[in-house]
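Paired with chain B in one complex and with chain C in the other, chain A is shared by the two complexes that follow.
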Partner chain A sequence: MADKVLMKGNEAIAEAAIKAGCRHYFGYPITPQTEVAAYMAKRMPKIGGTFLQAESEIAAINMVYGVASAGLRVMTSSSSPGISLKGEGISYLAGADLPALVVNVQRGGPGLGGIQPSQSDYFQSTRGGGHGDYHMIVLAPSSVQEMAALTVKGFELADKYRMTAMVLADGTMGQMMEPVSLDFEVTPPPEKPWATTGTEMKRKHNIVNSLSLVPEELEKLNIARFERYELVKQNETMYEEYMMDDAEIAIAAFGIAARVSKNAVNEARKMGIKAGLIRPITLWPFPDAPFKKAATHVKEIISVELNMGQMIEDVRLASECKVKVSLCNRVGGMIPSPEQVLDAIVKASK
Partner chain B sequence: MSTKQFLFSGFGGQGILFAGKFIAYKGLIEEKQVSWLPSYGPEMRGGTASCSVIVSDDPVGSPIVTYPDVLVAMNLPSLDRFEEKVAPGGMIFLDSSLIERDVVRKDVKVFPIPATKLAGENGFPTLANMIIVGKILKELGEYNDEGLKAALAKVISAKHADMMEVNRKAIDLGASL
Partner chain C sequence: MKRITMILGHYGSGKTNIAVNLAAKYRQERDRVAIADLDIVNPYFRTKDSLDLLKEKDIRLIVSEYANSNVDIPALPQDMYAVTDDKGLTCVLDIGGDDRGALVLGRLRPAILEEKDYENLLVINKYRPLTADAESTLDVMREIEAAAGIPFTGIINNSNLGVETTADVVLSSVGYANEVAKKASLPIFMTTVREDVAKQLIGKVEGLFPLTLQKNFIERKIH
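Up next is the complex of A and B:
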């Protein structure tokens, strides 16, 4: 473990982005993600990169649009209220098929809400967030190591599919420190012949735009985009199964909720209850397969969330309503305790 | 299978987060699984600061410490808030120069240390936290020269290398109590 250092999740995201070749960061401070910006402010000037604190979240996401158009790896980060402000820009990135990374270290809402951890932006993230038919690739880390690894993965997937990728974390994941190794392989960006890099009078102009006024053409663009989304679903869905082989009760949880749930699963096993955990790592595309499989052998799936029940809808869809799905939650910045989750498991087992 | 859950608490400025970070790093150096989670809410602005630290042989599940095995209380509000949460058989280390009341619980081991007073008398008034850390390491049987040196080197940045020796002195003082 000699190569491991203790880092906050927010710092791990920032350092991993730099490792992934990101040299442009635009942001605006908001708790609990400000360490991402602070880290970038310190590091970027030393490595010839650009850190810019924009005048607003809206400005920051449009600066991201600019750099993405030029074909470079670029990111912004914020927390829930700030992500809402970026919604318009994220929709434009989708409309222009631009790769970019957006980090959301969630806090309780709606409105300005609080500053404590939350997962209440699940719907916003997995359904797109802005207007129009589109998706982002949504990655949900549940350790500081994954904060780093999924940041790198986010850049790679964004480039591969010309999509916006989002790292969807929460206040706990952003603020906690854990050992992290930043020694990983990075796939360099692919050729981007569409990028606005200057023609040097040798080729036609590239135009990056989300405006398409002819309905027949816009329809084609939308359909082509969704064909690409199908490839993402086939190739990039990620999840972790924990003690699911013989499970009779399954927990569905991501991020911090999955960590709390793992404790509860271990305790339940000690009591002789066959509990297991399915942890989606990509929230979009949602991992349907493990839930479909679980529905054939579990009595109940408990969705553990830091919201009023959002992922539970995807769990129900994925398990095709063949098994009871219940909710175990806390909201407003509160986190379910392992005891609360264990109680839900015990109740379900009876 | 051993897991120790620590909760460090006190006023902002007492080095609560730093003490937690030191314990976490010492665990990391000794090849344990560790996590460190600070409170970052409004209580950080003038009230109580706290941080959860877990050091374990197994992967750490939830990083939130609700029922600590080891509570460090460096002021009265912290003791008032967390005393009842300490796991039965657990330990409470408190700064007895700042906390005048006794611990009510009978099912925990209590270590009153006049840390702030000792720190002032010994010429390192800001290191009451590390005196307590020294005492914790001794009581847990975790006081060893090599781990201490390595952990200090990790938590003290090169810019503040001159602070290394005095931190070590504070730890040693705590361990001698």
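Up next is the complex of A and C:
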């Protein structure tokens, strides 16, 4: 009891980042993620860190590039329209193999959309978001506790693989308050011999750059990067399975949709329907294994999403189209109700 | 009770919920009660969420038409001056979080101070990370008081851990609340506790105020 505090999801991200050793935050206000910036503005000056409200999202992500080049843990956060603006900078981070954390507290789109929760940036996040061949590690929390834990994990993975990690939350996750324990182990940053920390005239200077004009060299860089991505796929895929052992109907859902779905699975079980839930925690790399396994014993997989059907494509690929995959969704800032998901389960079971 | 009761505090301390509950209690004693939602900081979790309940209890809601809409701009309701002009109206004022939220009182301040019929209450929660001890709570209090320009008259101890709140959680906050009150030279106006937990605390906590009206947006069970 004593070690827990009551936090908003956005605040939990900010405090967890500080615990992870992040002392540089650059951001720009946008609902529903503004509390991340507001919290950092209060805390950073007290611990000798830097909070800077940049003149734009584009400026903020390029400040992230600068600090990441110097080898320090750094982050920015925004919500959907702001993440689009950061797209160019995220591509540059990938091209320069820089570790950083980007938080997206999604709202409904496209365009300015609305300020209510959404999961419609799934494609944008898992396919890269900016131009060029690259991936981000995408982490999808479904509780305030996970908002904190996956923020720490994001910094660790970013450093380990020299990649951008993204915490992909939504407006509900950002705004809701839950008890949180902030007592977790943090792996300190590894040595970064590539960082631009000053040569002291003792070594050759380092260059951090995403420009590579010799095609043979650029090809080599791209191939090496994708070999690293393969390691991430092998080592870092995360998911939760709930009541899947004997399931005949499987729900695929992440974030807030998974919480709603868990309620529906419990209710379905009470009705005697063998339902289960697969909750991807990493959206990239996507957890193929549990879906491949599910395809051998379930009748149908229902993808529950706050979008027009984005993750459903990965669910189909992972289950190798061996089983029917259907969509249960709400959009525009609406969240599927437990009743809606239960209805979909009942329908699939008939 | 005073004619005007202002509810201020740190962001996420529980102000809106307390304001709705307090207005409901005052309505049992007075015919004309209003709740004024003057939050210019957060577009979510507004008194408008309780619109049906307030209608049922015949409590007037003074709120910007943009609250809970997709227009995330800080806007004030045009009828907010009823708070100071209509002397027959008992008002509970739900103010936005932190010093930024308290700035809104600037417009009403001269009339409130002149009338001298108000409570200005600071909501505190020991389990919020930026107000976890008496010193940091007093820092936040001073910032809010400076922005509001109206001295506090009491403390509301709303220490809770959300769904994990137990009687022990509340009891462990009493020492903290007393320390804040002592250092601020203010009385504890009341201790607000979720209804089911409050039942276990009768006789153990002074000024216990059960929060009977509670919103839970996420873990809604299927009926």
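Before moving on, here are some points about what is shown:
By definition in this document, the second predicted complex is superposed on the first by the 350 of 350 C-alpha atoms of A that agree within 3 Å, B and C clash if a C-alpha of one lies under 4 Å from a C-alpha of the other, contacts with A are read in each partner's own complex, and residues count from 1 in each chain.
By our rule, a contact is a pair of C-beta atoms (placed from the backbone, for glycine too) under 8 Å apart; a residue touches a chain by one contact, two chains touch by 3 or more.
From a predicted model like this one, the values you see are computed outputs, not experimental measurements.
With both complexes brought onto chain A, simultaneous placement of chain B and chain C is prevented by a clash. In the superposition on chain A, A:338 contacts both chain B and chain C. After overlaying the two complexes on the shared chain, residue contacts for A:11 are found with chain C alone; chain B is out of touch.
A count of residues in chain A touched by chain B and by chain C gives the higher number to C.
After overlaying the two complexes on the shared chain, residue contacts for A:178 are found with chain B and with chain C alike. With both structures placed on the common chain, the touch criterion links A:42 to chain C but leaves chain B unconnected.
Of the two partner chains, chain B is the only one touched by A:262; chain C is not.
In the superposed model, A:237 makes contact with neither chain B nor chain C.
Overlap of the chain B and chain C interfaces on chain A comprises residues 1, 4-6, 31-32, 115-116, 172, 175-179, 256, 259, 263, 337-338. Chain B makes touch with chain A in their complex at residues 21, 24-25, 28-29, 31, 33-38, 40-42, 60-64, 66, 154.
Taken together, the chain A residues at the contact with chain C in this complex read 1-2, 4-8, 11, 15, 31-32, 35, 38-39, 42, 114-116, 172, 175-179, 182, 256, 259, 263-264, 267, 333, 337-339, 342. Residues of chain C touching chain A in their complex: 11-12, 43-45, 70, 72, 125, 127-130, 132, 160-164, 166, 168-169, 172, 217-222. On the side of chain A, the complex with chain B involves touching residues 1, 4-6, 31-32, 115-116, 171-172, 175-179, 256, 259-260, 262-263, 266, 335, 337-338.
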